[in-house]
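Paired with chain B in one complex and with chain C in the other, chain A is shared by the two complexes that follow.
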Partner chain A sequence: MLSPYLLLLLVPAPPLAVFLILGLDPFFLRRKAVQALALLGGIAPFFAMLPLLGLCLGTECYGVMPIFTLVFGQSEVALALLLDPMSTLVGLTVAAVGALVITYAIDYMSDARIADLRRFFALMNLFLAAMLTMVLAGDTITFFFGWELMGLCSFFLIAYNTSLPQAVAAGRKAFIITRFADAFLLAGLLLLFLEANSVRLDVLIPAGTMMTEERHVVIALLLLAGALGKSAQVPFHTWLPSAMAGPTPVSALLHSATMVAAGAFMLARFSPIVMSEPAVQTIAAIFGAGTAAFGALSAIFQTDVKRLLAYSSISQIGFMVLAIGLGAPEVAIAHFVVHAMFKSLLFLAAGDITHGSDLGTSLQAMRGALRRRPISFLAYVAGAASLAGLPIVTAGWWSKEAILATAWEGGAFGIAIWVLALLTATCTAIYAFRPVFEALQPEPAHISHARRGHPVALDLHYRPRWGSGFITLPLVLLAAGSLLGGIIVGPIIRFLGAEAPHPAHLPELVAAVAPFVGMAGAAAITFVPALAAAVAGARDMRRPTRLDRKFQRWVIEPYVRLVRFLAGNRIGARAEAELELRHVQIVRWLSRGARMDGIYQALFVRPFVNIVRWLNGHRGGTVDPVGTFPVSLALQGTQALVERLAHDRFDRFWMRLANRLVRLWVLVCAIQTGRSRDYALGAALGTAALLVIAWGTTWN
Partner chain B sequence: MSGATFLILLALSGGIFATGFFGLMARRAILFQLISLEMMLAGPALAFLAGGAWHGSQQGQAMFVFIIILAAAEVALGLALYLALRRGADVEDSDTITGLKH
Partner chain C sequence: MGYDMELTALILLPFFGGIAALFAGRWGRDAERWVAIAALGLALLILISSFFSDGDGRWIAIERYDWAPSLGLQVILAMDGLSGALLVVSLALGIVSVIVSWKITEYSGLLNAALLWTVAASNGVFLSFDLLVFAFFWELMLVPSFLLISVWGHGDREAAALKFLVFNAVAGLGLLAAVFYLGATGETVTFDAFEVAERQIPHGVQVLLLLGFAAAFLVKLPVPPLHAWLPDAHTQAPTAGSILLAGLLLKTGAYGLFRFPPMLFPEGFATLAPFGLALGAFGSIYGALLACGQTDAKRLVAYTSVAHMSIVLMGICGGVYFSLMGAGVEMVAHAFSASALFLLIGALYDRTGTRDLRELGGLQQNAPRFAAAFAVFFSAALAMPGTANFLGEALVITGMFQVNWIFASITLISLVISVVYATRLFKRVVFGKSRRTEALEDLTLREMGPIVLLAVATLLFGMLPQLLMGALEGAVEAALVPVTVP
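Moving on to the complex of A and B:
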């Protein structure tokens, strides 16, 4: 009888098949066919997941679909797909969000040239397939395969506008930084394999929790580092804001359900290993809470709506890592589900509102949204409310509240984290509603209606996009999910086998007030001219306040000195001038993501570039030192030895021999004809000779 | 399988191999050289089959499958090179392309 778990194979298969068809394009598909195929590949996984959910809710929610098994002595390499509550839930979320984003992209990208369109949808489908493979993986090899494939797809998709150098650079940056962190994950997984002699998760994770102390710490730390890199957590966060160079649907998929969320999912998947090591757990909690706070603070001061949302993703995934660090991976997964809905909604709505604006995706491009794109604007408000966590009516409130309550119950350390998380939640509301209030302001005069904005699409004609169901349907569905999803937060946590935390009334009340305080703050910095000017002016570093000066002296200047020290005083003149400015401010610092880019540039990129230049003969270096070193050594050796012994009889005899060798060389060179038939003959004769020798030596 | 059959099969495979090798040497057209190469692969493949049958082992058949895969890969590369040469340099004769030695 066929196993019902065969369905698991059908989940990542359709997008993978569509990737192959669109990527190879054997049928020279037309535009409509490409779009239809992409839509099919995007939606099919969701419908394949539905019966699996039914299976999971109805009967036993645990099943393994083996794909391929190889046994090496004691070790076992068994590729498999796994159905358990976590993979069902996350897989369903990913499939649903992926389907909606691809539906949206059908209309959003419809102006692209056919070749670009094919490339885009092929990669989007591969991206989705990779994430689904990773989520449903039952062994570490399949898991890592999906993980890496996603990194590759994100590189290609971020660099989608290949004509823009900064897009290509952003893609490269994302790829290199995540690759760097992936190395940690690979090391951790390999150590786990050595420990468990199996790659299957159901064997590996229990074995991982039972090993000796020191290995355990190392493995847990390696896994954590891998997750931090993929999820763009501090200190690996720099690639995510630059990744905004990709088209909006890419950002929507990359930020909500795939890629950055994969790190949090990985931690939740391996949470038994992380959680049995309290020290690593505390580190995870501190990194998570710190990143959440840092991301939220940075997001407030962004002037570009997509960058704002990028920092918001960093912050929200920090919350998930925090929840895992607090020992509640179930809560983290619940937040994952809710975050996937509202973050994709925010990106899609913002993308639709700013699509075609001359101002790109800056906050000003949001202005006048209520009149231009009312549905998108309302959807954005729903998403922002969920992100800010308005009490009761939004899904974000329920999942964030569960994280806060978990922190509150965690003793003194937990309460410290709770305070930090609460402040973060307030900041979240500020940055969530900044674009909303900005959008309420009147439209600036020079927004162009006549041009739709994708750089690839610029040379194409404008097509009015009113009432396209491809845009509206995903927005409406996601908005409904972001608002009503709160109902499912409790069931999700129970479904994953834990109890939803029950917070005390006081902290809950305080947490309920926080979003409103944040909203008031957002309204203040948008509508009070003095404050708005202060934020804008602060970004331009014009008017330092007294607080700024203090901060400058105690935080910025030591930091700048550190950066300069690490750079070895070799930063370019422009960056130097920037650093020299007396009034570098907190805002600027935060809006640049803590200048971590500068440190990376100074620590890694510059030395690497310098070494390469040196190896190529710039800056007094030698060209190809590895190749020239033996040659120069030999030359010096001959000079030192032969010159002294020159011009005697022995030397002449020796040199005659050498000259004969040259003649011999000329003779031997005659063999080298370049004709393949001669070489074939040579190979045959050589083989025959070897055979004869072998025959002769084994003759008895 | 009797010993005589085995020897006949081995001789046959050696013959196929030798024919292929002769073709490779005698022909100068790239396409025919590729065909000869395929024959040179087919000879040993038959020898493996015969040897596997003689020893009652499945490894001979496994090697046969490997050789088929190898042959497929080789002919794919070879035909691609052939097409590229035809299109790029309009070359039929393998003896005229000797530039790789430089």
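Moving on to the complex of A and C:
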């Protein structure tokens, strides 16, 4: 009998197959065929997940689908897909959001060249398949496979517009930073493997909780570092705002259900290991809460709606990491599900509103949205309400409330975190509604002219008020989910095997007021020009309006008086000017993500480039000091030897001998005078000598 | 087993095929290329069929011939999984290199002969277990590759060929001296590696002899600071030459190191292995850093080879199961992925006349098939899971964690730097715009064949690693040496 878990294989298989078909393009597909295939690959996983959900709700929610088993010497490595409550729930969310984003992209990308279209949808499908593989993975190898494949896809997708240098640079940045963090994760997973002698998650995680203290801390920290990198948490967050250079559907998928959320999912998956080590858990909570606050503050000061949403993702995933740090991975997963809905909705709606605008994706491009794209605008409002967490009526409130309640129950440390999280939630409402109020402002003149068919601006991108079904359907469905999804937050937490936290009434009431305070703040910084300018990081140069004067009188002056009072009236006019300057600096600092880019530039990039330059020489030639060392050593050695041997000692001996001989010859030459009497004398002396010798020999 | 001559055929077929290719030009157009492909294809068939015979434990086949018994000379050929895997690589890359140089008409008979002789000699290296014959094939390899670089190379080819020859020939002397010492000092004169392995050699002598062996192997590998010949040789060699250099010659170095030191000098190897680890750790970072700064695409890939082969060195010197297995897998994986990158860059050079990264670009827009092929091997170069390269590096890192976590961290850093150079190559070649690639002809069918073959091999061994790891098991078990790192 076929195992029902075979269906697990059918979840990532369709998008993978579509990737292969679109990537290899054996049939020379036409535009319509490419779109149809992409849609098929995007939607199929959702329908494969549904029966699995039924299985999970009906009978036992646990099943393994083995793929194959490797034998490594003594250890076995069993690759498998795993069905359990967490993978079912997250898999379903990912499949649903992925399907809707790809549906949306059919219309959004309809202007692209056919080759680009094929590449885009091939990669989107691969991206989706990778995330689904990772979510359903039953072992660390499959898990890491999906994890890394997502990184690769994000590189290609962010750099989709390949002729745009900043898009390519953003893709590289994303890939390099996440790969750096992945090295930590890989180290952690390999150490776990060595510890447990298995890669099966259901064997490895229990084994991981029973290690020696030292190992345990190291592994938990390595896993945490990997998650922080993938999820763009401080200090790895810089790649995410830059990654906005990619097309909007890419951002929507990257931020909501895949890639960025993968880090939080990984932590939830390995939460038994992280949670059994209190020190690591505290670190995770601090990083999560800190990132949430930082992201929310930075988001307020963004002037580009996509960058604003990027910081919002950083902040919201900070909330998930915080929940895991507080020991409630189930709550984190609930927030994951809700966040996936409203964040993809926000991206899709904002993308649709600003599509083709000559203002790019800046906040001004949102203006006049209600008239131009009413459905998208309303969808955006629904998403913003959910993001801000308006009480009762939005899903965001329920999941965020669960996190806050968990913090409230966590003792003194927990209450400190709760206060920080509450302030963050207020800031969240500010940045969530800032684009909404911005959109209510009158639109820039040239765009409204274009809409009325003004001859001057006819060539500007003009779109009908009502979008096609490919745009509308995802927006409506996601908006419904973002608002009504609150009903399922409690069941989700129970489904994952935990009790939903019951907050006390007082903190709940306070938390319910926070979003409205934030909304008021958003309205103030949009409609009060002085404040808008302050938020934009510039001094107010315009003449104050009536609203400005009221604001000055009722808010600023009391505030300044309060500060004066607290400081004992010691602040002079000069100090005030300095204070304002400092304020501008802080705003700029926040709007650029704490200038972490500059720090990285100084800390890593520049030294790296300098080392490479030093090794290579500045003008592209190769210096390669280490490689040339033995060569130059050999050359110099040979040279020294040759020079010495050039004065050949044997040669010198023979030459000296020859010289002596020559000298002897000169001496001998003196005898040769040419006069016959000398020769006669010589002959006589010789004969005499011979006679003497002959006489001598007769002696004895 | 027995008196089948399949292993001999694996060496002689390419050798005589080469001689035939020399003269085949007279028989018809492209006859020399078809002769070469036929010889290599036949050898590949024989090799694959021999995998299905029952071997003798770890050995798939062993052949012994007496040559000059009074001098202790014999020919011993033996094949286990490691040799078998590398022989597949060697024959497959031989075929690829013949196809790649299809359009070179200059002395094409000699060209194909040189390619085949390189394959024949490296097959001899992979099979010989008689040390003298091993050393013979080791030196023999240099001759045809020297020809390849100096006759069909680019740019300053004579100097590059000479550098290659001098480095490797000088280092080969160390091997030769050690082999002669081993042969002459036994009770009877013999060069049989199996017999030599039985001997008890004093520790100090082991270390000295190992240094002689290592000199040859480390230069061929190559590991910094002995790598200076490689970038020049790679850059100036023709595409086929680069493929054989990266795919075969470097692997003979790794193979020798994998096979002989643990077998012949286990104690000496255990003493020197930490130095090998340190050298490999240095090389893996150094090669990667240099790759980041290159402007010549081929030079860039050459330096990545230095980095990856340094990781192989670390794996071998780790001496534990995982690291050795990783080294074996990485050897095969790198042979495929590096040759494929050389092939692509060579094809691009043939079309645009430049390998300068600053002048290239725009393949994504102008030649999508080129771009897709680059993407596949780009992922392999940065060890994406699913490619055999990842498997190899992950296994080495696992082994390093068992040996010493510092070496593991260094390997991980090298892995991170690999993203920097790989994305740089990709950005400069595939993304962006360039005047030179505007009217570029996309990959032709003849170029696609080898690329698809290499891509399939890379992904197949990555996705179904049992194919490769099962074969390597025996050789890995034999190379286990307890290494202690202080």
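Basically, the second predicted complex is superposed on the first by the 566 of 700 C-alpha atoms of A that agree within 3 Å, B and C clash if a C-alpha of one lies under 4 Å from a C-alpha of the other, contacts with A are read in each partner's own complex, and residues count from 1 in each chain.
FYI, contacts are C-beta pairs under 8 Å (C-beta built on N, C-alpha and C of every residue); 3 or more make two chains touch, one makes a residue touch a chain.
None of these values were measured; they are calculated from a predicted model.
Once chain A of one complex is fitted onto chain A of the other, the partner contacts of A:175 are limited to chain C, with no touch recorded for chain B. Contacts of A:672 after superposition: chain B is touched, whereas chain C is not reached. Which of chain B and chain C touches more residues of chain A: that partner is C. Applying the stated contact rule after C-alpha superposition, one finds that A:336 touches neither chain B nor chain C.
In the overlay built on the shared chain, the residue A:311 is in contact with neither chain B nor chain C.
Contact with chain C, but none with chain B, is seen for A:155 once the two complexes are overlaid on the shared chain.
Looking at the shared chain after the overlay, A:684 reaches chain B, while chain C stays out of its contact range.
On the side of chain B, the complex with chain A involves touching residues 21, 24-25, 28, 33, 94-95, 97-102. If you check the complex, the residues on chain A that touch chain C are 23, 68, 70-73, 115, 119, 141, 144-145, 148-149, 152, 155-156, 159, 162-163, 165, 168, 171-172, 175-176, 179-180, 183, 186-187, 190-191, 193-194, 608, 611-613, 615-616, 620, 622, 624, 626-631. Those residues of chain C that touch chain A in the shared complex are 224-228, 231, 286, 289-290, 292-295, 299, 321-322, 325, 358, 362, 364-365, 368, 372, 375, 379, 382, 384-386, 390, 394, 397-398, 401-402, 408-409, 412-413, 415-416, 419-420, 423-424, 427, 430-433, 464-466, 469-470, 473.
Here chain A touches chain B in the complex through residues 672-677, 680-681, 684, going by the rule given at the top.
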